[in-house]
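In the two complexes below, subunit A is the common chain; its partner is subunit B in one and subunit C in the other.
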Partner chain A sequence: MTSRCPLRLTILLCLAGAALSVNYGVLRFQLQSSTSACRELLRQLIRSPQYCLADTRDFQIPEEVKQPRQVQKEEAMVVMHEMLQQIFSLFCRNFSSPGWNETVMENLLEELHWQMDRLEEAMQQGEFPWESRTVHRLKTYYLGIIRYLKAKSYSRCAWTVVQVAILKNFSFLNGLIDALRD
Partner chain B sequence: MPWTRRAVAMRLASLCLMVQAGPALGAPHRWPESSDESCIFSLTLRDFRPILSWELKNRSIMPTHYTLWHTDMSGSDVPLELVPECANTTRASCDLTQHWRSLTEMYLPRLVGSRGGATLVDCGGSIFPDTDMILEPPEFEVTGFEDHINVTLKFPPALPKLRPGEGLWLHLSLSIEEESEGVVKQHLLQIGEHTTGNFTYVIDKLAPNTNYCVSVCLKGNFLSKSQRSPWKCTRLPPRLDSEASAPAAVGGLVALLLAAVLGSALAILRQVGCICLRSKVPKALNLYGVPIWAFPERPALEAVAVAEVIPVHRKRRVWDYSYGDESDGEEAEPRASAGAYTTHGLAARPLCPGPPSSATPGAGEEAEALMASEGPGSWGAERTGGAYEGPGPWPAERTGRASEGPGRSWGAGRAYEGPGPWPAERTGRASEGEAGAWPADPFPQEDSSPTESPGDRIFFNVDLSSVLVRVPDGEDSGAPAVFGPPEETGGLEDSEDSTPGPEEAPCGECDTSTSNAGLGGGYMMR
Partner chain C sequence: MLALLGVTAAVLVAGAPWVLHAAAGGTGLAPPQNVGVDIIDDIFTLQWDRSREPPGAVAVSADYQVPGMVDIWTELPGCQHVTSATCDFSSLHPYAYEEVRLRVRAEDGGLTSPWHELDPFVPYQQARIGPPEVHLEAEDKAVAVSISLPGAADGMWQLDRGSFVYSVVIWGNATGPQAWNKTLRSRNPRIKVHGLLPETTYCVTAQARLLLHRNPAAFSPARCVSTPVESELPAPENVKVVLENQTYVLRWDYTWDNVTFQAQWLNSYLKRVPGRRPEKWAHVQGCEHTPRARCALPPGLLWREVYLRVRASHGARSSSWSEEWKFDAGRRATIPPPVVALKALDSHALHVAIGLRNQTELQHLLTYEVRFWENTTNTERTIVEQRTDFPVPGLRPRTVYCAAARALLAAGPRSQHSGPSNTACARTAAGGGPGARLAPGLTATLAALAALLVLCALAAAGKLAHYVFFPAGQPPSALGEYFPEEPLKNLLLPASVERTEPCCVIENADTRSAGGTRGDEDHKAYASQTSQDSGNYSIEDGSAGSGGQGGEELGPPGAGLVARSACGREVCVTRGPGPRGL
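Now for the complex of A and B:
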C-alpha cells in the first residue's frame, strides 16, 4: 500500500502535466480559425476604399511581423498577444462609428477577446519575452495608427485606411500562428 | 499637301480622344468620382495566375470593349495604372499575374466599358487576395488500374517570373480526395516552384473491382476560398492473377484445416469411447427374433454305476501250497463257479447294480445267462473277430446308459464303442483263451437284444486287460462270479456246462464286501 502511493502520485503528476501542457497543434488550429473569422468580419466593414486613396498611409509595421522567419514560439505568442490586444483596444475606442455594422463589430471584438484568452491560457507556464524589441515596435506601430486617427479626426476614410491596415495585420498573424509548431 | 492636313486632323482627333478618355487612360492620382460600384469583380487563381473577371450589375448595359486600371492602398501613392493587356479588350477578364503579386494587399481595380467609343460603364472595386481570391483547381485525368489510380495533374509549363517571395500561388497545397463507398480519404501535396507541367500522383493500395471517385482542390495556408473540382470516377478492373484469390484461398485452406482438426478430434473421441457410444447389442447377445426352441425333454442323466475297479496281474498262478511239486503249478483250476475273466468290454453287466430292492432278479440271471452262454470257442471266435455281431449297430445309447437301471453294475472294462473290430490284444487273448474256457458270451447274439431291452445294458469304457470285473456271487453258486483275463479263466470250460457261471449270480446279491473277501485283496477268484 505504501509503495503504491508514490507511484500513484507520480502518475497523477504526469497526467496533470500532460493536461496542463500546451497542445500547440490545437492552439494553432483555434487561432487560425479565429483569425480567419476576424478577417472576414473586418472585410465586411471595409466599403469603397477606392474613394480613400488620398488618405492612404503606410504605418510601417515591423518587418519581422510582416514576414516572420525562424521566430521562436514564445516570442510569436507574445507578439500575437500584443497585436490582438492593440487591435482590440483600437476598435474599442469607437470615437466615432461612421455607419459600422454593430453586429459585425461585436462579433469581431468577441473573436479578438477569445483569441487573447486562448493565448493567455497557453502562456501561464513558461517564460515569455514580453519586453522584446518586436513588441516595442508594435506598440509604436499602433500608436502611430492612433495618432493618425486623431489627425484625421477619425474620419470615415481614416478608419477605412486603418481597417485596411488591420486587415493586413490579421494576415500577418496567420504567419505567426504558423510558427506555433511542436 | 493633303496628307499633311490629314495627319494634323488625326492628331487632333487622338488628342480629343485622349482628353475624353483622359480619366480612363491617364494617370489620375485620385479616383474619379464618376466611377461607381456597378461592377462585381472576382479574382481567381487559375494555373497559378490571378485572373480578374468582372460582371456588370446592370445587365442591360452591354459594353463591347473593356479597359482596366488598377491601384492599391499600400500608401505609396501609387497612381491608377492601366493594364495594357486589358486595354480595350472584349473579354470580361484580365490576367493580372504581372501586376498583382501580393496576397496581403488591397488592390483597387477600375473598369471602363464602352461601346462605339461611348463609355457605358465606369466602375471600380477592391480586391484583397488573401480573402477574396478563389483558388481554382487544376485540370486532371484519372486512370484506374487493379489496385491503384493514376491522377494526372495539368499545371502550366512554367511559373510566372516574379521576384522572390512574390506570387499569389505561394504557400498553396493541392488536396486530392478519393471517395469509395462513402469513405473519403485526402492526400495533400505541397506546391512549390517545381510544380510545373503535367505530373502524375498515384493513389495505391486500392481494392480491385471497386468504384473510386477523385476530386482535387487547392488550399492556402490560411483558410482561403477554395473551389473543388467535379468528381471523376473510375471502376478498377478485377484482379486477374492468383493473388486476388489469395485471401479467399487462404480462407478456404484455413476452413479446411479447421474441419480436418475437428474431424480428427471427433474420431479420436469416438474411438476412445467418449462419444457416440454404441447402443446396439452385439449380435451374439441379440436375442430378438431368435426362435426359441423348446428344448426337448431333458435327457436322462447318464446312468452312473458304481464299479469297483480291481487291478489284477495278467498272469497269475495259483499256488497250491505245494512246495515239492516242480511242476509249474497247476494252475488253479478255475472254478467256473468262481467266475470267469473277460476282457471284453463290449458289454458287461454292472457289477453292483444297486440296492437289492431295486435289483431285478432277472437282471442277475440275465448276466449269468450271458456269461454262461456258448463256449469260449464261440466266444473267442466271435471275439477274435472283434466285431460286434449284434443285430444292429452298437447302440450309442448303451454307453449312455451304463448306469441305467438299478442293480446293474459293471466291472472295470472297456466298452467297445464302435462297430469296428475288437482290439488286437483282445484277439490275442482270445487265442490264448482257446485253451481255456472262455466264459460264456455275456451277450450272446440271441440274447443281445431280443431278450432284454436296450435300456438294461450299461456300457462304459474300461480297459479290461488290467482289471478284474467282479460279479457278485449267485445264491447257489457259492462263489462270486468273476470276470477276468482269459488266461486265468481256463477252468471255465468245465464250469460252464454244469455250474452256472458267474453270470448266474444275481446281481442283486452282489456284495462288495463279500466279494472282496473272496478275492483276497482285489483279485478275482476262480
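Now for the complex of A and C:
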C-alpha cells in the first residue's frame, strides 16, 4: 500500500489534471497507438516496392518536420493536423484504385479520421499558431506529391513511391507527438 | 534685395517640376498610391488609386519575385501597362503558399515613376474565402442543405477541402413574434435541418471557414425552399443507441403501427471525404425490415465510429430518413479489458481489486467503471474509480455479490474504453442482525482485552526479570522435608532461584530448621516470583556434577553458596520454594 504523502500528492495532481482542459498524456497515448496502427496498415497496402525503385523520388518534406527540435506543442498540433489531413485527402483521391485492399484502406482512413477528431477536440481551446510557415511548406510538399501522381497518371509504381514516402511521414508524426507534453 | 528674393522665388517655382523630377528619381511621375492586394479564392487582384490625369494617360506595371523560386524581378503577367485601377495576377496561383513580393510603378509615355514595393505576403494567408454555393432540397418537415466550396478544384483551397467548417443560418419566412432562425455549424458540407414545419418557406445562407486559419469568409446569398405537406408516414424520432445487457441496441420512437423499419449506417470518416459524391450508406445487418422499433447492432459496427439513421416503410411508401445518430462504441482494440477479483473484507464489505493483463503506461491514465450487483436480486450499481484497490461497504452479510469492470480512457466527450472484464463474485462474511449492531462494541471490547493482556504480559515479564536478577534468599521449606540430606538439597536447588537482593545472606543447612518458619515466610513472600535461569549450575567450590560431597563444603553457618549458572551469571543459590523442573 502506498504511504499517505504520495497518495495526497497523487490526488492533488489528479485534481490539477482534471482542471486542465486537455490531458496530454491521454492524447499522446491515443495518437501514438493510432499512428502505429496506420504504419502497420500502410505496410500491408504497399505492394512490390522493388520494381518501382527506379521511380523513387524525394519530395522534400520540410526539415522542421523531419527533426522537430524544441517545437511548442501548439505548433506541433497544427502541423500534425495538417499532415493527417493531407494524408487522408491523398488516399481519398483514388480510393478505388485497383489492387488496393479495400478493407485495409478503410481501416487506414478510419484511423486518420479518428486522430484528426482527437486533435480537433484538443484544439478547441488555446492559442495556436494559425499562420505557421511550416504548414505552408507542408502544403507545398503535398502539392508536389499530387502533381507527381498526376504527371505519372496515378500509375501503380507512382502510388507505391508515394506510399513509401507517406510511411516515413508517420515516423515524423511520432516525433511531433512527443512534443505534446504539459 | 527684393529683386534677389524675386529671382530666388522664380527659380524655385520654375525649378519645382525639376525638384519633383529630382525627387521622383528623374521621371517626374509619382508611383501609384494606395496599392493593395485583394485575393478571393482563386482570383488575385492588384489595385491602386486612379490617377488624377485623364483616364488612359498613366499606366501601371508590376513585377514580382518569389525568393527561392523566382529570384529576379520579373514582369507580372496581366499587370503590364494597365490603364485601369486594377489588374488580375491570378497566374501566380502556383505560388499560393510562397512568400511573394510585388513592386509597381506608374508609366506615362516614356516616363516611369520609381518602383513602389509592397510588403511581402503569402497569397494563401491573404486570401478571403468567397461565398459558397448552396443547394436546398425540401423534405418532410426538414431541409437538406448541400454546400459547395468556392474556387476551382485545383484552386486556392484544393488542399483544404476536408478542413472547412460550415455555418448555416436558416430562418422561416414568418415575421414578428413567430420569427424563427437557427444557426448550425458542421464539418460536413451536407447538413439536414430537422424539426421544421410543413408547408413553410425557409431560407438559408451559408459560410465556409477554414478550421485552422483565420481567413475572412463571406456568406452566400440566401436561397429559399418550401417544405411539403406533412407526410402520412413521418420519420422515426429519438434515434439513439443504448446498452442493454451488454448489447448495443439501436432504438427509436414511432407512433404508427403496421410499419417496418430500415436502418442504415455510414462510416463517419466518409463525411470528411471532400467531393460531391453521394454518401454511401449501407444497410445494418438484421435491421433491414424489422417490425419493432429497435434492433441489436451487429458486432462489426462496434469497432467503428458510424452514423446511423432509420426510416419507416409501409408497403411501397417510405418515410424520410430520421436524424442521424453518431455512434462510437469506443475503440476497444487499444485498451485491454481489465481483470477483476473480489474478496470478503467482513460481513458488510467486499474488496475489489482491478488489474491490467499487460502492464502498460496506460494504467495511470485509466478510470474504471465497475458494475456491482447482488447475485440474487440483480440490484445493480455502477462505481467509477481511479483506484485499482478499493472497498465496497454497506453490503449485507452472507450475500453473494458480483462485479465486472471496464477501463476508460476518458478524453473529452467521447471516452475510449476497453471491453468488459471477467465477472468476479464473492460472499460477504457471516454476521448481521444484532451482531451487526454490536460489531463496533465488540471491536472495542476486543481491543480492551488485548490491551489488558499486553499489560499482564508486561507485568509478568517485569516480575520475571525481578526474579532473575533479584532472587529470594530462602529455599522452600518443603525442600527440607523431602530431602533432608544436605548434599541433595544442593542438587535440588531449582532452576527458578528466587532472590531478594543481589547477593544475599543464605541460610546454611544447619540453621535451616531453626529458620524454617522464616524460610516459610520467605517462601510465601517469594511464591509468586519466577526465575528464568537456565538451571545448570556448577558449584564454585570445585565440586561439580552431582555434587554429592558438596554439602560438606558448604561452609560455616551464614555463609552463602555462590553458584554460576550456565549463562555465566552469578546467582545466589538459596533454598527457595521447592525444586522446579527445567
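In the analysis below, the second predicted complex is superposed on the first by the 159 of 182 C-alpha atoms of A that agree within 3 Å, B and C clash if a C-alpha of one lies under 4 Å from a C-alpha of the other, contacts with A are read in each partner's own complex, and residues count from 1 in each chain.
Note that in this section contacts are C-beta pairs under 8 Å (C-beta built on N, C-alpha and C of every residue); 3 or more make two chains touch, one makes a residue touch a chain.
Since we're looking at a predicted model, the values are computed, not measured.
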### Task
Mind checking the superposed model to see whether subunit B and subunit C fit together on subunit A or clash?
clash
### Query
Of subunit B and subunit C, which one touches more of subunit A's residues?
C
### Query
Between subunit B (first) and subunit C (second), which, if any, makes contact with A:Arg118: first, second, both or neither?
second
### Task
Name the contact category of A:Gln86: first (subunit B only), second (subunit C only), both, or neither.
second
### Query
Taking the superposition as given, does A:Asn23 touch the first partner, subunit B, the second, subunit C, both, or neither?
second
### Task
Could you tell me if A:Ser33 is touching subunit B, subunit C, both of them or neither one (first, second, both, neither)?
both
### Query
Of the partners subunit B and subunit C, which touch A:Arg181 in the superposed model: first, second, both, neither?
neither
### Task
In the overlay, answer first, second, both or neither for which of subunit B and subunit C A:Trp130 touches.
second
### Query
Following superposition on the C-alpha atoms of chain A, which segment of subunit B from the set 23-31, 113-121, 257-265 or 365-373 overlaps subunit C?
257-265
### Overlap of the subunit B and subunit C footprints on subunit A, listed as residue numbers
33
### Message
Using the touch definition from the top, list the residues of subunit A that touch subunit C in their complex.
### Response
14, 23, 25-27, 29-30, 33-34, 78, 81-82, 85-86, 88-89, 92, 95, 106, 109-110, 112-114, 116-118, 120-123, 128, 130-131, 135-137, 139-140, 142-143
### Summary
Residue set of subunit A touching subunit B in the complex reads 32-33, 35-36, 39-40, 43, 46, 48-54, 56-59, 67, 161, 164, 167-168, 171-172, 174, 178
### Task
Enumerate the contact residues on subunit C facing subunit A in the complex.
96-98, 122, 124-125, 158-163, 211-214, 267-269, 272-275, 304-305, 331, 334, 361-362, 364-365, 386, 409-413, 416
### Query
Which part of subunit B faces subunit A closely enough to touch in the complex?
29-31, 35, 37, 71, 73-77, 103-106, 108, 110, 124-126, 128, 130-132, 165, 221-223
